[in-house]
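Reading through the structure tokens given below for one structure.
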Amino acid sequence: MNRFAWAIALPILAGLAVMPFYVSNYIITFTIQTFMWIALAESWNIISGLTGYVSFGHVAFFGTGAYTAAILISKAGWHWFAAALTGSLTAASLALIIGYPCLRLKGPYFAISMLGLNEVVRALVSYFEGLTGGGSGITLSPMSSISPLYYSMGGVALAGLFITYWIITSRFGLRLLSIREDEMAAEAMGINTAALKLYAFLISAALPGIAGGFYARYVTHIEPIGTFPLLTTITMIVMCLFGGRGTIFGPILGATLLSIFQELVWTRFLFLHEAIFGAIIVFVILLMPRGILGVLQQRYRLPRTI
Amino acid sequence: MTIQITGTMILQGVVSGLLAGGLYAMVALGMALIFGVMRVINVAHGTLLMLGGYTTFWLFALYGMNPFFSLVISFPLLFLVGAFLQRFFVSRVVGAPELSSLILTFGISIFLSNMAMIAWTGDYRSVEFLTGSFLLGPIAVSKPRLVTFCFALGITILAFLFLNKTKTGKAIRATSQHRELAQVCGINVRRIDLLTFGLASGLAGVGGGLVSIMFSIFPEMGGNYVFKSFLVIVLGGAGNYLGALLGGLILGVVEGLTSLLLTAQLSEVIAYILLVILLLVRPTGLLGGRR
Amino acid sequence: MAGNRILEVRGVSKHFGGVTAVNRCSLALEPGSIFSLIGPNGSGKTTLFNLITGVERCDEGGIYFKGERIDQLPPHKISWKGIGRTFQVIRVFPELTTLENLLVVSRQDWEPSCRRALELLRFVKLDQLQGEFAGNLSYGQQRLLEFARVLMIDPDLILLDEPAAGVNRTLLNDLLSAIRDLRAQGKTVLIVEHDMKVVMDLSEKIFVLDHGEMLAEGAPSIIRSDQRVMEAYFGR
């Protein structure tokens, strides 16, 4: 990263690091949520922004991580941090099981199969009541201070940024992009698209897995309907598309902007909020398919790796 | 928990399933047409079905209109809605990567279903017009299912006659088989796109009306039907419209049997696994279609 | 067995629904020469390319490269065996830069890849545009980029699908001399082409495909005077 980027990034990171000591609980809570959205948008970007394989059920990995952590904490007495990290393992395992067959499907067929994935995971969670508490869910004891969660969730978002940066500036990332641009040509040139897609998918599932794990600790009560909502998938898709799919900072930009808007304007009316997200999706696809950063890249000839 | 599964129960499941399957077939036909002609996966198809359902419901609840009669209104109404969506939104992504249309129609469906939620609340509604069942030997045949099946069958037959016997219908089939060739032959494909989307939306709307009689409707119901329609298309083979019919019946029967033997939740899981296996093993469908 | 043949297609067929695109087709290529595959539209030339490169599976027959059977392999593995191709409709990666289009397919480490990529860009005279998004290049420039991209993987057998289509005279001459250079390096080239002048000038041997079947094969002078070839193109 060049000096300009560091000059902006360091103060922001420093500011975020000390923020919990100076601001209200409300702001801390809001920032934790924003960190979560950043991590989710970044994860969706890794699979869908880069390879073009639209994952419509990505919240399934988030929910899997949440339930893994909650079960480990409440039933096995694990520490929440380790439990959340394990959430990434179960999420990645799920991605491996689903991804191995489904990624062979061409683009639109993959998207539809992912649409069903979320519903299936939710149904399974409800079914295995003994483990997951079924419809009533799992409750954890409240935390005395949420600062550790603030730094943890921030850490996930930051990790997501570094992973995205590393991928996009590497040849691995170039190859993922070639899948999006023209998978057939990529294969003809010797790129093992099947394996690469799977790696990207696994990485893109591990991140929400950890985020879900921290989320479970943060909200202290999870149950199937609230943990696997379609709205979460929609939100992370909109945030990524809005900011700029396939870019490094696009998901962060989109997640931050829309998280602020969400908090200020729309959380009062849930359905209007969702309807507006639908309208934003339509707007972005028709008029701004490459997002804000995509427009800037074309207009001002910015490099691909921003 | 094990229950005694008798032959009668199985037959019951099959019959009930077939009756529902006719409806699935009709709805899936619409989605198959859009996919065939424009290579667009219309995720909003289920939402259009929902709107059709509410049309029938409100005409019944407010004006006491016979819900089967209201289909005459919901078809053209949803035809126009579909044509509008196609003209101003979907037409812009025909030819773009298929995923653009997927996400676009997804956005439209989110918008519409939430507006419906705001307007009509999330309560389940159904049209209590036909109730009860009669006995056919040992099998209980549900009246609403039987009548809606007949309507679905009739409308599907009409649709097929339209596709096979009329000039426009043949143009639609030609476009779906080979778009460039159709253009070369003088077919105005943009007009065909519009008509196809309208026709499919009309079919979805009518389907929704029938669902309101047979089951119940609520704003978020669309996704389920999109998934089912997609499953049907995959079963029957993309581009194979007759196959979609068969696929619908198969889905209905499978659903009928699994809900008998397992919980409703698990039957969803079964449907999903079925879909994935099918896509992997025979992506051209059981009866063979295009890729 | 392999003799002096780098590619052998033996009795290969491909059906799409009721249509037979390729019907018991056979051909053999000797290394280090330029071959052309011609035939009227719809005769199955691109399908044959797709079968060789693994994009489509053969319904009958087999394909052998350097004596090894390749028709069951996935496309990327076939590519690694030493086969490269270009496409009838240009398939560059539009949102990658010109340079990145070459880097993404390279199989060497980063440093040597960059050097080789820049070399190839200079060779096709696109080095000034290395930072430009490939989607913004002109048609002819994209054709050259695709050509450079296939050279990047250093294949022994190169399949070119209509390399001259829509290309202006100057560019075409550069392309043709580049193809002759490849032969001088010992590579084998198989070209699908409609431009007869290019075909007659370049090739040592021509294969004629009609309705999925191999109609004739031989040196340009033989093909030029073959009655059946005339009929296939122009009817009786």
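Should a chain be cited, it is by its letter among A, B and C, assigned in written order, with residues numbered from 1 in that chain.
Throughout what follows, a residue touches a chain if its C-beta (ideal position, glycine included) is under 8 Å from a C-beta of that chain, and two chains touch if they have at least 3 such contacts.
Nothing here was measured: the structure is a model prediction, and the numbers come from that model.
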Shared interface partners, meaning chains that touch subunit A and subunit C: none
Most remote chain, CA-based centroid, reference being subunit B: C
Subunit A and subunit C: spacing of chain centres that average the CA atoms, whole Å: 42
Length of the line joining the C-alpha centres of subunit A and subunit B, rounded to whole Å: 32
Inter-chain centre distance, subunit B versus subunit C - centres from mean C-alpha coordinates, in Å: 45
Sites on subunit C touched by subunit A in the complex: 53, 55, 74-76, 79-80, 84-85, 87, 91-97, 100, 103-107, 110, 133, 149-150, 153
Residue ranges of subunit B touching subunit A (in the complex, touch as defined): 41, 89, 92-93, 97-100, 102-104, 106-112, 114-115, 117-118, 223, 226-227, 230, 234, 263, 265-266, 268-269, 271-272, 275-276, 279-280, 283, 291
Residues on subunit A engaged by subunit C in the complex (per definition of touch): 171, 174-175, 177-178, 180-182, 184-194, 246, 304
Complex contact set, residues of subunit A against subunit B: 52, 54, 56, 101-102, 104-109, 111-113, 115-117, 119-120, 123-124, 126-127, 230, 234, 237, 241, 269, 271-272, 274-275, 277-282, 285-286, 289
